[in-house]
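Structures given as structure tokens follow.
In what follows, chain A forms one complex with chain B and a second complex with chain C.
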Partner chain A sequence: MGLSPFNLLFAELEVGKHLYWQIGNIRIHGQVFMTSWILIGALLTLVVVGTKKMERDPKGVQNLLEFLWDYIRDLARTQIGEKVYRDWMPFIGTLFLFIFVSNWGGALIPWRFIKLPSGELGAPTADINTTVALALLVSLSYFYAGLSNKGLRYFEYYVHPTPIMLPFKIVEDFTKPLSLSFRLFGNILADELVVAVLVFLVPLVLPVPVMFLGLFTSAIQALIFATLAAYYIGEAVEEHH
Partner chain B sequence: MDSITTAASVVAAGLAVGLGAIGPGIGQGSAAQGAVEGIARQPEAEGKIRGTLLLSFAFMESLTIYGLVVALVLLFANPFAG
Partner chain C sequence: MTSLILFGASEGGLFDFDATLPLMAVQVVILTFILNTLFFKPVGKVVEEREGYVVSSLAEAKKKLAEVEQLEADLKSQLKEARQSAQSVISEAEADSDNLFREALALATAEANASREETRREIDSQKKSALNQIKLDAEKLGELIVDRLLASK
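Moving on to the complex of A and B:
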């Protein structure tokens, strides 16, 4: 870390401070793992409870899950297309739900009451490592989708309208994960920072509307990440004529 | 790091995001205008318009995000820190 202006100005913000766990030669950010596991556990519990006793007339949790299923299916079907969307729906749905629950969990659960030796608990998606991992997963899966559906004809996509597009399409393969990961990371970190700065300046009332705005944008970011992942996969499996 | 490099990095980081936000801001404005006009003319197409609008917003936003990447590199991983 070269310089950290936030730490100088606001001692509480703690950008770039982490709870390090040493595993072999790797130092990992422990607080991200803790929050991710808690949130994954909550999500799994919800899904298991909701699908335990399924009824013809959905009620309560089952109703919510069926609504989510419909929502994700529509998202995947419009972006990927009728033919292969079924294969990719679980992936898109997992991405959407994990990011959504991470963003909202980071904002809604009062993590501040749990004290850590260093760093603080928060949204797992406010850490660049989480979002880069998710974005690289998306990259791998659209390559896999293209290659498994069209074989080597997938590379026609690179020269599709004209071969002049070739360098741009190759650069795009690198900028796709870059922009996916930084979009999510930047938005979530910015939300947390804005709320933290406002709480620091005016601890009453004023931060509340900003918190609601943060909830709105983080829901939109989860939707955008899932939509773009589906769009990239759809682009890779699309047939050119 | 000497103080002139620090000052230049901080100013450059501010400019990278600030200038990078102008173009996409204008673009998103005109895209939103088009979407609102489309919904006003054809309210039943709202769902489809919203999906396309969000997707195109995301592509425009990525331009600002490249500015953000540059700013974060300057602030937290400065190659000239020495």
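Moving on to the complex of A and C:
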């Protein structure tokens, strides 16, 4: 192997290195939780400030929050349907907001200036554990939504047009969380890596358009994740006739 | 080495699953409940209240508009009626005054005619009496002249 430039580059970027926190006999990725707490804190601060004094004529942050609320409601309503979207709106909204602040926080905040003993701070969604956790929550949610709305008739969905679909639908239950988690993880990590590599190679001007592209991708990924989660839940609660 | 670092060596790697996963899931679930209480419920309440307010205001405004239109139509018909009645009063009054004028004219004409007749009659009788007087006087004069003539002879 030796010290190829490629190796040096990744040594600089510290890909796949984590700051481990040992709690009892379990280990967690400290940098993921640190950034997620900071970003969740920022999100909650925004929410608390915006809902402190709400009026019928919205002012300031309340406008932003109402815009977000309306956006999330439209998303949930179009995907899940008029009947049960209210139950799932907080979950879809939380997914969207959490992924959005994670992605944008990872891209916009100069974490690089905070040195850690190991690993580096970045978007929590650039860690596979976070995206798999979110994707598994989505899987649990659509199973729960289907079973609580239709009982055991939910499993009719597996043989819906014809029983031939059964194996495909079972495989789908595994591919859904897999694609959800890897799509988000891959996009965000790739964006971070591209920006880091460009900054490393050409520190001036060139990374800026890529950073803007990264912001765009980040927002799109949050929207895609929330929309797909809502779509899966909607698919599970949909009545077949 | 690179591949080991990227794809999960014993220590670290991109696909290093550990307790971060369940803890992150728990954290997101907790965040869902917190955001539900702090964000989705209160903002939803405000937005839905406003939507209700807008809908009810719109319905009220529509009702009021219908009322206004009804009132306008009522007033228009009342105005039309009033105009008609005013017109009829005017034409009645005109007819009345016309009648009065005609009556008064007829009366005056009749009176004038009557007084003219009376005057004429009076003149006639005076003329007649004057003629009689003259005739008498002429007869008397004639007799006197005859007497004188006879006396002188």
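Keep this in mind: the second predicted complex is superposed on the first by the 231 of 241 C-alpha atoms of A that agree within 3 Å, B and C clash if a C-alpha of one lies under 4 Å from a C-alpha of the other, contacts with A are read in each partner's own complex, and residues count from 1 in each chain.
The working rule: a residue touches a chain if its C-beta (ideal position, glycine included) is under 8 Å from a C-beta of that chain, and two chains touch if they have at least 3 such contacts.
None of these values were measured; they are calculated from a predicted model.
In the superposed pair of complexes, A:Ala133 makes contact with chain C only, with no contact to chain B. When the shared chain is aligned, no partner comes close enough to touch A:Val197: not chain B, not chain C.
Touching more residues of chain A than its counterpart among chain B and chain C is C.
Once the two complexes are overlaid on the shared chain, A:Lys17 sits against chain C while remaining clear of chain B.
Touch criterion met: A:Thr227 reaches chain B, while chain C stays clear of it. Once the two complexes are overlaid on the shared chain, A:Thr175 sits against chain B while remaining clear of chain C. By the touch criterion defined above, A:Thr78 reaches chain B but does not reach chain C.
Contact with chain B, but none with chain C, is seen for A:Arg183 once the two complexes are overlaid on the shared chain.
Judged by the document's definition of touching, chain A residues 1, 16 lie at the interface with chain B and also at the interface with chain C.
Every residue of chain C that touches chain A in the complex is listed here, in rising order: 1-2, 5-6, 8-9, 12-25, 27-29, 31-36, 38-40, 42-44, 46-47, 49-50, 53.
Considering their complex, residues 1, 6-7, 10, 15-18, 23, 26-29, 32-33, 36, 40, 43-44, 47-48, 50-51, 54-56, 58, 62, 65-66, 69-70, 72-73, 89-91, 93-95, 97-98, 119, 124, 127-130, 132-134, 136-137, 189 of chain A touch chain C. For chain A in complex with chain B, the touching residues are 1-5, 16, 78, 175, 178-179, 182-183, 186, 220, 223-224, 227-228, 231. Interface of chain B with chain A (complex): residues 1, 6, 9-10, 48, 51, 54-55, 57-58, 61-62, 65-66, 68-69, 75-78, 81.
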